[in-house]
């Protein structure tokens, strides 16, 4: 299953929690500061490894991550998050 | 890599406003606010829900939820919610309370709302400290825990033992659904969401008092990074505050869920 | 002698500490002093600031709407305080973090790359000390030697290792003012 | 319409019911308890909300909640219970939630006793809670007046989005007097533009008392002050008797005023020019009206069932020129007409025609 | 002795410790919390009693208990927390138990904010709880004065068997200033003839606030009033500056007074005859002293960080002849010297010699 | 027939003053006051005991016990006792509280005194009504019970369920001795006395928080004769509030008793 | 017409009810009326009393220190209120319970065996009604017929069976005054 | 075992509880009133049947009953009331 995420830098507070849960280790913290003074998280996925597994968005305290998956992966199933 | 073939499988719940929260990075309130928002979305009750914020770091919750909201006095959210619900039994009324608020100054109000079986839902965020005022000891702080008001660590001989509120409230006949959950990893976050949903459904079905206690990180006042704070929840809080269902009334077990 | 100083930046930039350095030095120099921080939930996320008044007279208000000097450590603070500086007053900003400059003609401006200077000394956290040095040199409100003594006391044993580097940071700040003056 | 004998507490309760009381929350305390007990029956019969709260603290916060929905909500108590409500009252005023509070004052301070008293004037009138605010405070002197003011209180609360306090005492709560009750009103809940009820087809609404930024909180305060200014302009109430030609005016409210009236009437019968001024609204205080009187009258006697509280407002109103004497009884003692007579006599008025 | 920089909250805590504080009970609330936090460490180190109570309500009642034993007991809070203590304060005064309460006032009403305020003047000074009583209320204008008054407060509480309130605000609690601390005192507990401790070889003693019979409760009230009369005779405190030849006197207390002082000094530098009167004891209020000044001065400006509360006491003191202007800031705003200057200018004084 | 050969085997305890009580005929408070007096006598602690009366029919307890006494605000006796005990740990401190006082307005104070393991003894007189104010519903009033504030009988759907305080408090780690007893016949009266004694001994031995809940008659407000009232206790109250030991810490079990 | 009445006895002797009879009758007769009971814990054990003011004028104080009439149903009340009766006032006592008599020359006294009279009518609880009859007759403050109507209303259906006997009790009270007057 | 009781009429409130527990039915209520308005309980023990069993004094809410026993009945045993 192929997926990706979009991180809203305006919301990201640089807590790094998403980086600790990604099973593919695809998220890292940028060096730069956001306008609000945080280092934002960024997706680095050159190998297109993201599965859209929802783990990062589930732990993100700022609802800053939107998760996408390739169509065809059943939508309903996706909305119900994994246990 | 976002392609045209992709569709959104998760996004910010629409029951949350676009406002940026004032929570610290890594704060559990952020997760829990969101979960409540998701549940309100899924149940389609945004327009018929009235929230009651408490005094604590979540005091501005009313800025973050896109539904009617009241901000209660410290500890009195269950009383205020009672007033609202009694007049508007057709509305879904929930309180959102911290552990200082609910387990300390607001003890009488939560015990009696529970005893009365008030048909409201309580989201009880236990981060084992007074977050907003700068990390003082809460009734829920662990034995030995260093806080700004227990600088030598909580001495149970002077300051007493932590209170397991859910266990205590579960002894009351008036309660219908009382469970404890945690937010220290995605799996537990999802379980928490499910419990919140059940709690709201308990109310919607008129089955009485529901409360979800949620163990939550306060990295700033614990002097930990966000990641360390989640470990702290898992390794220190969960053993003292075991996760599980303290009380699930038969009526709740049997209720038809949407 | 009467300075009403505001120091403002993000939480974590040592804003309160910088103010205390000045306040302690003022006391040691036999002056009247008040120091008051921003406090409470304001601190979460947003800007932190403190206000320091140092005076040879008894101090009335510990708060000031129109500071005689400001130390600015981030952009939001620049926006907030730049317009408020008293005519004839002083604005010191960290040019490593702030690109903007004041267009006011009625105040003095000192822009110095405090964060870079501190980093070059191996002190990521001491941009505030550089700025304090600059302020002291520019206003003459407290003596540099006094500031050094206060630094020593405040850093204490736990941070004794960084004392010399911090003194250097302070002197860099002082020097940058003299340079500016020499220009 | 014929009058019926009603006990004060029950009459006030019935008046509230007829004014459209939707939700009552209270806690037992003498000498107010019959009010709660009456509603325990009446509200349930009418299928309205009656709830005995776990404390006065909870009760006022339940009222806060119920009032937030725009419903007519009320609580009642007596002095110590009202002390426990001070934080709540401050919140309610700050967030502009209407509600009614009945205080059947008793002897204090502390546990004191259950006898009638007026020693909570300062608490009710100056704002016993934190922050700048004054609730609208109405002081009845008879059961009939308690009924009438309670009936009106709900409208006033709605109109000014304020707490309205009926400041009575144990005597008025416990006494039976003939009463004519007002008609039953059907209160159609209508959208007032601020109350909570669910954001159906409209923007969400918030009831809060926070203004984290001082400038924000100043705005909240200005709103509270503006509401108060409206009340000051329109809600001053008082009764004057025999003040026109008076050499001396007795100023008293509530139970003390009716006792004073006996004494004043007797004085008039003796041919002495004594008048009575009875503030009904303790806040807003009838300052202007007293000031007018003070232009002609140079002697005042203030009678209160306390150590001297309203007397400050009287002095502020009449200025420093007239003499203002005070006679008070503490501890739940009600002054007797004879005692007031004595005080008036001590002020040595000259009878008419001499 | 050299002065050290202390934060107000911590300095007050240390002053209490040095005054022999035996037992502290409190609850966190900004901007007072450092006081509690300081004592959490200091009292434990000294093996004295520190207890974080479950609420302000519990805290004041713990103080009531500790004070009943004759121990030096204290609590501290800020505005909403103090509202929750009103019932307890009323009980404590009624039963003659000494204790000290520190209130670092913040913006109200309701949850308000955490900025400095003086909007609880009425609550503290007039008695926000039920019944007739006034605690001794002392308002410091600097950290040093807060220290000195706190140090003395315990003796005053014992002497008058009264609640003594240190009425400060967030600015004084949060501010650092150079301070000279008083010496550590060893408080020998000695039998004072009323405190509880066990009826060993003596008759039992009772701490209570009940007087079921009005005549009994009147006695309790007379005792409270008598204590208050003693305080009124001996504890009036204030500071006067440049009032001797003043055309205008600014009256302000606490933080507002220090701001006002800046403005007044500037006026004097400009050659205008402006004076400053700063009440330190808010109750008993320096009524006599102001009345004396009013014999010569015909213009007053009262400056408060509220909507106008002390101004009533000023008016009562100076009488109706002088003009009394008011300038206040609400919502946690602290007035700036410039603003006060403007108001003084608006009163159009004539410079000296012109 | 009193003869010279006879000696007194029972008389009024000397820890009670000679004052006549204001309790109604047949009131359980009279029995319980006496039992406390007997225990104080037997332990010889009259001179070192400080009592704290609550607001309720027992408000004048200080007139009846010949020891130092304080009268607390309604519901706050545990807080006041905490203040006293912390300053005078060498004294025996007990509160005497009604069910309205302890289980309603004073819920927060009793829960937190218990959670702290405050080394005090609580005599908790449960008569299922507010006696002093004229028989209103208490949190302990039975379902269906008619009181002056539940004229149609306590409707659990509106007024909630009775609270079993002892069960609830026993969930707290801070508690050492929590038992429920009754006074409906002489045998139970004697058991109650024994429990009161154990509770005081728990405190004297420094073992922490002790509480004896005592079911007690209020004939006047129950509209029963004194005899009927005792039957009511036995037949109605005891089934809802089972007698027994809710919590007896090991330390208490093992303590050496005088 | 103005009467300030205190009725006092043990709880259970129908003191409050007696006062209400008078109060209701006063209202029915078109007079101003106040009735106020002793309340609260005072009621336990001790004496209960109530105060009734009936007047053709608006009533000031509902409380009186010096009643114009008192009805006394037990010894403690005799001790308490006998000295307080206003000169020229009336004291009515139940001689079946009270052995003492007033020695005051400035008040009227009516001693009648109300309890015995009531008992003779098979109404153990109606001594109070006898006393009310006496008071009404002696003062003329309310009409006897009105009192009978009030009795009917107050006894209601539940106690309708005792109505006639109670009326008799009332009339006995009235008659006893007339007798006394005839003497 | 022989005993007797003395009832303090000053304290007795006529609640009748003692009459309900006496195993020998020796206590009855007098017709007369006490000064405080109660019918007092009185011992009527013509047969000298009272055993000093303590039941009446144990239930008496007003500590109005003093209980006596003939000496010789062990004192200690007597003070510890029956279960």
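So that you can tell them apart, the chains are marked A, B, C, D, E, F, G and H in the order they are listed, and the count of residues begins at 1 in each.
Throughout what follows, a contact is a pair of C-beta atoms (placed from the backbone, for glycine too) under 8 Å apart; a residue touches a chain by one contact, two chains touch by 3 or more.
Model, not experiment: these values are computed from the prediction.
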Checklist entry - Comparing centres built from CA atoms, which chain ends up most distant from chain A? => result G
Next on the checklist: From the C-alpha centres, identify the chain that is farthest from chain H.
Outcome noted: C
Item to check | Separation of chain B from chain E, taking each centre as the mean of its C-alpha atoms, in whole Å | outcome: 39
Checklist outcome for this item: Distance in whole angstrom between the CA centres of chain E and chain G is 55
Checklist entry - For chain B, what residues touch not just one other chain but two or more? => result 23-24, 59, 71, 73, 104-105, 107-108, 111-112, 132, 139, 159
Checklist outcome for this item: Residue ranges of chain D touching at least 2 other chains are 30, 51, 54-55, 57, 80, 87, 91, 95, 110-111, 114, 208-210, 212
Item to check | chain G, residues touching no fewer than two other chains | outcome: 41, 45
Checklist outcome for this item: The residues of chain B that touch chain F in their complex are 104-108, 111-112, 115-118, 139, 156-157, 159-164, 167-168, 171-174
Checklist entry - Within the complex, which stretch of chain D touches chain E? => result 57, 79-80, 82-84, 86-87, 90-95, 105, 107-115, 117, 119-120, 122-123, 126-133, 208-222, 224-225, 306-307, 309, 312, 315-316, 319-321, 329-333
Item to check | chain H - residues contacting chain F, complex | outcome: 2-4, 6, 10-11, 13-17, 20-21, 36, 38, 45, 48, 52, 54-55, 57-63, 65-71, 73, 75, 78-79, 81-83
Next on the checklist: If we count contacts the way the header does, which residues on chain D are in touch with chain G in the complex?
Outcome noted: 3-5, 30-31, 114, 170-171, 174-178, 255, 258-263, 265, 334, 336-338
Next on the checklist: Quick check on the complex: what are the chain B residues that touch chain D?
Outcome noted: 46-50, 52-53, 59-60, 62, 65-73, 76, 79-88, 91, 108-109, 111-112
